[in-house]
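In what comes next, subunit A is part of two complexes: it sits with subunit B in the first one and with subunit C in the second one.
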Partner chain A sequence: MTYLSFFKAECLTLFRSKQRVVNALLFFVLVVVLFPLGIDPSADFLAPAAGGIIWCAAALSVVVSIESLYKESYADGTLTQLVVSGLSLPWLILIKVGVYWLAMMLPLLLLTPVFAQMLFLPSDSLLVLLATLLIGTPGLFLIGSIGAALTVSLKQGAMLMVLLILPFYFPIIIFSTAAIKAIQFGLPYGGLLALLAAISLLALVVAPVMTSLCIKASVR
Partner chain B sequence: MSWIWFHKLGSPKWFYQWSSKWATAVFLIGLLATLIGVGWGLGFAPTDYQQGETYRIIYLHVPAAVLAESCYFSLGVAGFVYLVWQMKMAPIFIKSMAPIGAAMAAIALLSGAIWGKPTWGTWWVWDARLTSVLVLFILYMGIIALQNTLEDVTLANQAAAIVSVLGLINLPIIKYSVNWWNTLHQPASFSLTKKPTMPMDMWLPLLIAVIGFYCLVAGLAMWRMQSEILLRERRTQWVKEKVMNDGV
Partner chain C sequence: MHSVAILTISDLWVERGESDLLNGLSFSARSGDVVHITGANGAGKSTFFKALLGLLPILSGSMTFNGDSLTQQRQNFLNNTLYIGHSAGLNGALTVMENIRWYLPKCSEKIVEQALSELSLGAFAETQLHALSAGQVRRVALVRLWLSEQQIWLLDEPFTALDQGLISMLEAKMAAHVASGGIVILASHLPLAHLSYLQVEL
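What follows is the complex of A and B.
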């Protein structure tokens, strides 16, 4: 196995189990729909809240769907093979998470303008929203991957994983929605995007190592 | 000064024997200091000219909040020690300390809410300091949940250590939230390095209460660690002998 063949295999596996990604996207759609139905469908409420709604929905769908990232390969022994393959486990994890990020975020980014329109988000905020999603979600996926690896050996680990990982999502959500609010009030938002990028980069450095520690502890 | 006694504490047996000598004494000192500090603060310290009598909740709120942060810091250090050196005592410490820290965070949040009602006119605001302490409480609960759910001990140790280390990032946010963001919560009222901003007879009981809380928590943690050690080392000879000789 090489890094390239692993990358190809990951893409193929994900393509063949596309229902997983579709489910996560449907979950995202449903959470977004809950807000106008549950709170207030008027533009007065939705326009300022749209960025936050989309971000909360995105964070929830990421944390719920990434829970099963390692489940299948843990059950069929592939995960053990990765550990003993002689390749660097953190890099393999990075590839796995990266492929999953691409597969989920491309359709989600395409969906976002549609939902921004339905939630009456002003069009100048849309670009900032897309930018925060593009910069912030790698952090969500990388942090989520740690939680997925922690609970990989549990049959009913989803609740525990959400409970553990969601607090670490708070800063990402706070800075993203702050950036969207900033553009709505005409304030500079570059610094907030930079902070978001900093969080994602920190996660990029820390998360693969932490994930590989958890996987090694799980697959003994 | 020789540090051998300190390194020996990494062994559960030595720690058990060493802490049996200290736990009760430290706990009693802590209890005494807490009673003196809190009693002095609640009953005898001068009334604040702005907040009146309500400020007195500081004598419960500040020590609890300080301890909530210190306990998490110690969890993070123990987690790091476990991840790097795989020391046996570190996960025992994490497991014993997490519920204590959670209790401290809960006391800080509740007493803060009770203080907030008369001074700010509201039980809760979504202020940076309050929110980050709430996150701290959730982190503690997450660590407790993790250890109760994972049945494999090695995995539970590793997982708790990792979450403890990751959660350290929350501490500077709590500490500097009152300086970075312009919030309702007042800046730090208690510091050992700076000149106190309150008169001596208000500050001294607070200092005693904080020291008391530290000792109280240390004593409780040692007791909890002792029972955890007995549980984890139950297959070893020394625990068997101890139980046979002294009973449980």
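What follows is the complex of A and C.
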């Protein structure tokens, strides 16, 4: 096994089991569409709330889909093979999470301008929203990966995983929505994007190592 | 003939749950050796493999690889080892060929096709694994084993779901592997009919 062959295998696996990604995107769409119907469809309400609605929908769709990230690999023994492959497990995890992030975020980023329009988000705010999604969501996936690995051997681990990782999502959601609010009020938002980038970079360094420790403990 | 021990296990104890397993297991494996680990269910056969692979901490004893502590040589050891456990370790969403390409990206297509034909899997090369039977999946794992270049084969219950013809074939492949300087360590309830081996009872 090489890192390249693992990357190709991951892409193929995700393509074959695309239902998981489609379900997560469908969940995102449903939350964004239903929210205005349930609260208030007027532009006065939606324009300032749009960033928050889209971010909460994105975070929730990541939470519901990432729980199964390692489940199948654990069940068919391929997770054990990754551990004993002689390749660096944190790098393999990074590849796995990276492929999943790309598969989910590319369509989500393409859908976002449509929903931003629907939620009356001003066009200058849309660019900041896209920037926060690009910078912030890697952190969501990487933190989610730790939770998924921690609960991979549990049969009913979904709720436990949500409880474990959701508190770590709060800063990402807060800084992202604050950046979108800042542009709407004409305030500087660069610092908030930098904070988001810092969280994602920290997760990039810590999460693969933490995840590999959790996986090693699970495949014993 | 083969004087230098590649892998040495001395007085090994491993803790698993509430019990201490392996009872001070000791043996040495040289190039060309087949080590057959036997023992009742729960005696610690799979636990031994996991300890060897670094998945479980050892309680006491030592393991050396090429004369150095296995802990220090772990990376080197894993690079030279192929482990096939109770599950085949294959991806159900991928086809037979894609699974083989994943594990053995440098292996030529012709050689892979030959190995697949040898195990009557030629017609299933482009079939997804979850559409195959347990026995066929096990055969795919054997293709991977046969085409691998690793010196040490660690096989936990390798005869599971195999018919008599395949068991003989696997034994022949193990014989060829050790004849070329490899080492096979296997745990199985079945005796090996066509191989001379070192038996280790747990």
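What we mean here is this: the second predicted complex is superposed on the first by the 220 of 220 C-alpha atoms of A that agree within 3 Å, B and C clash if a C-alpha of one lies under 4 Å from a C-alpha of the other, contacts with A are read in each partner's own complex, and residues count from 1 in each chain.
Everything that follows uses one rule, which is that a contact is a pair of C-beta atoms (placed from the backbone, for glycine too) under 8 Å apart; a residue touches a chain by one contact, two chains touch by 3 or more.
None of the values given here were measured: they were computed from a predicted structure.
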Examine A:Leu110 and indicate which partner it touches, taking first as subunit B and second as subunit C; both and neither are also allowed. neither
Partner chain(s) touched by A:Cys214 [first = subunit B, second = subunit C, both, neither]: first
Go through the superposed model and pick first if A:Val205 touches only subunit B, second if only subunit C, both, or neither. neither
Regarding the shared-chain residue A:Leu34, is it in contact with subunit B (first), subunit C (second), both, or neither? neither
Of the partners subunit B and subunit C, which touch A:Gly86 in the superposed model: first, second, both, neither? second
Looking at the overlay, does A:Leu163 come into contact with subunit B only (first), subunit C only (second), both, or neither? first
Comparing subunit B against subunit C, which has contacts with more of the residues in subunit A? C
Output check: A:Leu127 vs subunit B and subunit C. Expected answer is one of first, second, both, neither. What do you get? neither
On subunit A, the footprints of subunit B and subunit C overlap at residues 220
Which stretch or stretches of subunit A touch subunit C in the complex? 1-2, 4-6, 8-9, 12-13, 16-17, 72-73, 75-78, 80-81, 83-86, 216, 219-220
Quick one: which bits of subunit B touch subunit A in the complex? Just the residue numbers, please. 83, 131, 135, 138-139, 141-142, 145-146, 149-150, 152, 154-155, 158-159, 162-163, 166-167, 170, 173
For the complex, which residues does subunit C have touching subunit A? 50, 53, 55-56, 75, 78-79, 81, 83, 85-94, 98-99, 101-103, 105, 128
Can you list the subunit A residues touching subunit B in their complex? 146, 150, 153-154, 157, 160, 163-164, 167-168, 170-171, 206, 210, 213-214, 217-218, 220
